[in-house]
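There's a structure below that I have some questions on.
By letter and in written order, the chains are A, B, C and D; residue numbering begins at 1 in each of them.
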Amino acid sequence: MKYVTNVNGKEYSIEILDDHQLCLDGQILDIDFVSIADQPVFSLIIGGKSFEAYVYPGEDDYQVLLQGRSFSIKVEDEREKRLRTAGGSTISESTEYHLKSPMPGMVVSLPISEGQAVTKGQVLVILESMKMQNELKSPRDGTLARVRVKPGDNVEQRQTLLSVV
Amino acid sequence: MKYVTNVNGKEYSIEILDDHQLCLDGQILDIDFVSIADQPVFSLIIGGKSFEAYVYPGEDDYQVLLQGRSFSIKVEDEREKRLRTAGGSTISESTEYHLKSPMPGMVVSLPISEGQAVTKGQVLVILESMKMQNELKSPRDGTLARVRVKPGDNVEQRQTLLSVV
Amino acid sequence: MNKVLIANRGEIAVRILRACRELGIETVAVYSEADRQALHVRYADEAYLLGPAPSRESYLRADKIIDIARKSGAKAIHPGYGFLAERADFAQACLDNGLIFIGPKPSAIAAMGDKAVARATVTKAGVKVVPGTEGEGSLSNESLLAIADKIGFPLLIKATAGGGGKGMREVRNVEEMPRLIDSARREAEASFGDGNVYLEKLVEGARHIEFQILADQHGNVIHLGERECSLQRRHQKLLEEAPSSFVGEDADFREKMGNIAVKAAHAVDYVNAGTIEFLVDKDKNFYFLEMNTRLQVEHPITEMVTGIDIVKEQIRIARGRHLSYTQEDVHQNGAAIECRINAEDPYNSFLPSTGIISHSILPTGPGIRVDTGVYPGFEITSYYDPLISKLVAWGETRGQAILRMRRALEEYRIVGVRTNIPFHQRMMDSHRFMGGQYDTRFVEERFSMEDGDDSKVTNPEIAAVIATLMTHQQLEHSAQIVRRGERDTSNWKWVGRWERMHR
Amino acid sequence: MNKVLIANRGEIAVRILRACRELGIETVAVYSEADRQALHVRYADEAYLLGPAPSRESYLRADKIIDIARKSGAKAIHPGYGFLAERADFAQACLDNGLIFIGPKPSAIAAMGDKAVARATVTKAGVKVVPGTEGEGSLSNESLLAIADKIGFPLLIKATAGGGGKGMREVRNVEEMPRLIDSARREAEASFGDGNVYLEKLVEGARHIEFQILADQHGNVIHLGERECSLQRRHQKLLEEAPSSFVGEDADFREKMGNIAVKAAHAVDYVNAGTIEFLVDKDKNFYFLEMNTRLQVEHPITEMVTGIDIVKEQIRIARGRHLSYTQEDVHQNGAAIECRINAEDPYNSFLPSTGIISHSILPTGPGIRVDTGVYPGFEITSYYDPLISKLVAWGETRGQAILRMRRALEEYRIVGVRTNIPFHQRMMDSHRFMGGQYDTRFVEERFSMEDGDDSKVTNPEIAAVIATLMTHQQLEHSAQIVRRGERDTSNWKWVGRWERMHR
């Protein structure tokens, strides 16, 4: 199976030949890939080099933590990529972003009002938890919509707070 | 529920009153009993004292490892005990003992022949494993029967080697 | 003193338990409903429930704690840090109930606990303080605004009762000041039950250097050298070193600061372990910042370089014994670094992360010490601070300590919550850190998780391969009918679990 | 030397990896099929498969290891202990292939490896040896029986090629000797591929005391003081201490033994780290036993008391540098104890225990070091030795080290295999151990897991309550219909699992 894998914007062509070999940008390499103790921690021996990484699945990508670095990675098989390129855009770009509370806590303030424009990185909510005030930021540009909380509200982990459309 | 619990020969009368109290030999004590991380390790807070023990279920008893000491414990509910006392003997005393290999290894020697009498603690098999010679001993008096291995045999973990009847 | 109650939780409760056990003293733990399975409860000889998870209903319940001490027959209470550690009323209540408080006298806590009073006290003793508001401390917003102009901007708003950066705000101009006073007061009120704040000149390019003090009941006060604590984020310490590379070989400077620290302790008749914090500018002018009248989070680095067990000394002092050491006995040997491993995501604004620790591998081996209160299966909740562990590395030189810390961070595995280990890894690779070229603003202003100043090789293609192999296995797996009853040893066991939990 | 291959597994491979990493040296691991997920494979920069699990097909494959070194560009090989560490032919093969062998010259390994030759060599240098067979060593059964009478009984049969108690037998009289020679030869053949044995006078009431040696390529030889290793079972060390309480304050005695140890090392032009083992009788007569021409399992206790990183020194020596220390620089500071934590059941004749480690909590905190190669999820198999970890405690005094070890043993949790932790706990509580009153026969002859000489309170009623609560919950659980879909958080989850696995 052939994949096109995008790491922070750079594309790699990776073909899985079998359980023990793959082809990375034209170079054939021996691989041995296992998860450690049934955890999302993976040991990869590739061409004799030993690596270990944490992998966190995201909405439509993976976050790979390797040697103290974080990589945001999207993997597509060739067929998917052809389809997407033909279609001209990904589905995910047109979807709304729902800000979920990463932890239980109390909403301290909402610096922006519903309907206002927000830019990537702008603070949407200040949440108090673990005795600290934490800023929840917008992952992209858009407009603030459906604000479901107000200052003083106690919120649960993963509760949806508002949306960016 | 009332239990009679035998620890290395000494009997304790233990009545479980509810999830938070029990009566030990007439004394009522507060208890809080939990397993740690779904492991056979138990934390007991009893009358304010904090204890932790490993528990290993045996054939008809428990081995409890507490504060570096091992206790062999049989628990019977009162009804069971009455039945057994009426019957005059336990079932387990009349059953055969099947010596199982505690680990994979090679049989080095069998010091006793089939049909011979054995005493508790007598060496039945010498097994080589982990680069060491290990002595497997008889847990009780009896007669050696059904020897299923010979010196030089490789055996699997928990394979039955012989019986004491 | 044959039984001690430890009025705390987490790693510091375990740390104190260990000292007691090694002294043959029995231990009494207290715990909230969230901590039934915590290590300090499991390791203690006795354990008593305080109440529900929130601190106010458990670890801050001084009344219950004193009741438990009496009920259990404990002769002394060790408060650890945080919670009730710097509450003069609690220390007094212990004494009133015939219990030894393992810490300073209530009067010293009170004097140093109100920072305004503290500054006045040490100033009187001839110790220089950072320019700022002095006096009674409970100033109105109007007074604060008026005084601010005299001190000049930038300045800091700080909680009178607080510590650890809580209720602290930095002010660049008078316009933003009213809003910041309000939020500082609110946070101070929430954290300490006291909304009073004061102002302080912000010394820019400053270093935060502190001295560990030990004082017995017989008037002997010594210091155990300094700790460099300039690496902070939002005034929370992240990484500490002993000795300070800024002080370096300048033994006179060290001695001068140490003597002033001892003088400050004497000014309040200090007894037991404490820490004098100084702000130091690039010209080696130093100002008294505050005194922490308790055991400090970062005490292990001092233990590693001096060989002195500070908690055991605390107990010894509380027993009325003389200090085991004179100032001449104290020597700094080698260098130690502490990384605070927090449950927070350095790639997502350091947001706290909660969850059950499903797996963990501690770094071990020569020169490594880990102080922790968690284990695989334990849950990190949002009720308490996010400190998972303190990873300490000792080396014959600072360079060796850094190399050792680097390998320890690389070895450390924690699964189930996000941690700031990658932050520390980036720090250990940073050229400025290696050169000791940093101040209290370094983390926030000149450090980034994205583009560090290190020249370490990254391996994006390896990350790509790992993500691709995962995707591939997942596709293979969904295409395949799992045979019933067959033990599933594939990598995909956890993915299903993960997805059920998080989607 | 910027890349080192580590020809070993388990905790010692991890230990060596750490030293390399802290020196900025790249690491190459080798592994058997059973060790794909072992820590040394995970922590190394590179890793290469050797072959199937049995040592003969993997860790003893000198040819493959040298191939991998060349292929990977490693400049040196560290053999650790065991496996190929004391094989002169392997050391020679390294040199022949242009690789640095991090250890002594092949000639020194050969001279000390054949114990008969070793004894002859050191005798010539004026070092006393235990009376026994000397000369070429490959004696027939008839010759051994003839010589036995001259030495006198009791005596020991020992493997010429061996170490660690393998192929060793104790003989009380001439009648049992033929049978014991046969079994010793068989075990020696199985362990080392060499069935030769020799005889040695059994010094009764003896102490096993050894000296750590460091020697550079420039003729400098120093010792790092002694280790007391008398606590053994079947000639396997279980627990070691530094310094020896038997040597104690007798600095002259220590110096005398140390000087003899250095002399023995000089006798074979020794280079790198090594250990001279002495047998010491109660009158402080001491006899050379053997020299281990490699890093020793128990080296960490010497590191703890001297502050010297022995593995880093080994690499330094192999690089051709001078020793970092002179004899005058070496001081013993405090006391350290090492407990070897083995996968074996002390309540069942110390039978080895295999299985997957399902859970583990390491003791940590001040003065504690754990060297290990395992983690939760890793399987202990019967292919290799049962060493899970080395737990080391340091204290300012021996008494403090014992108290610290006691608390560390109490904290340590390992689930999934049985361990000898209870053995060590009993030992730490034993009055004779506390008094330093023990010899090499103590464990086997005067120590029992059932009735120790300690006066510690036991709590049978607590054990009874725990077993009863388990039974009760089990009955409740089986009586209860588990509602579908409800998360089962009861204690009984594991019981079902356990029963499926073991019944």
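Here is the rule we go by: a contact is a pair of C-beta atoms (placed from the backbone, for glycine too) under 8 Å apart; a residue touches a chain by one contact, two chains touch by 3 or more.
Note that the coordinates shown come from a computational prediction; the quantities given were computed from them, not determined experimentally.
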Legend entry - Partner chains shared by subunit B and subunit C (touch criterion as defined above): D
Legend entry - A-C or A-D - the one linked by more C-beta pairs in contact: A-C
Inset, instruction - State, to the nearest whole Å, the distance from the C-alpha centre of subunit A to the C-alpha centre of subunit D. - result: 47
Legend entry - Inter-centroid spacing, subunit C versus subunit A (mean Cα positions, whole Å): 31
Legend entry - Chain centre separation (subunit C, subunit D; CA means) in Å: 38
Inset, instruction - Averaging only over C-alpha atoms, locate the centres of subunit A and subunit B and give their separation in whole Å. - result: 51
Legend entry - Residues within subunit A bordering two or more other chains: 34, 36-39, 49
Inset, instruction - Send over the residues of subunit C in touch with two or more other chains. - result: 43, 359, 375-377, 410, 413
Inset, instruction - Enumerate the contact residues on subunit A facing subunit D in the complex. - result: 32, 34, 36-39, 43, 45, 48-50, 52
Inset, instruction - Provide the residue numbers of subunit C that touch subunit A in the complex, in ascending order. - result: 166, 183, 187, 190-191, 234, 347-349, 351-354, 358-359, 382-386, 409-410, 413, 415, 421-422, 425-426, 429, 449, 456, 458-473, 475, 491, 493-495, 498-499, 502
Inset, instruction - Could you pull out which subunit C residues touch subunit D in their complex? - result: 14-15, 18-19, 21-24, 39, 43, 300, 303, 307, 309, 333, 359-362, 364-372, 375-377, 396, 400, 403-404, 406-407, 410-411, 413
Legend entry - Touch list for subunit C against partner subunit B, complex: 29, 36-37, 41-49, 71-72, 375-378
Inset, instruction - Could you pull out which subunit A residues touch subunit C in their complex? - result: 1, 3, 5, 7-8, 10, 12, 14, 16, 22, 24-25, 31, 33-42, 44, 46, 49, 51, 53-55, 57, 62-71, 73, 75, 77, 102-105, 128-137, 157-158
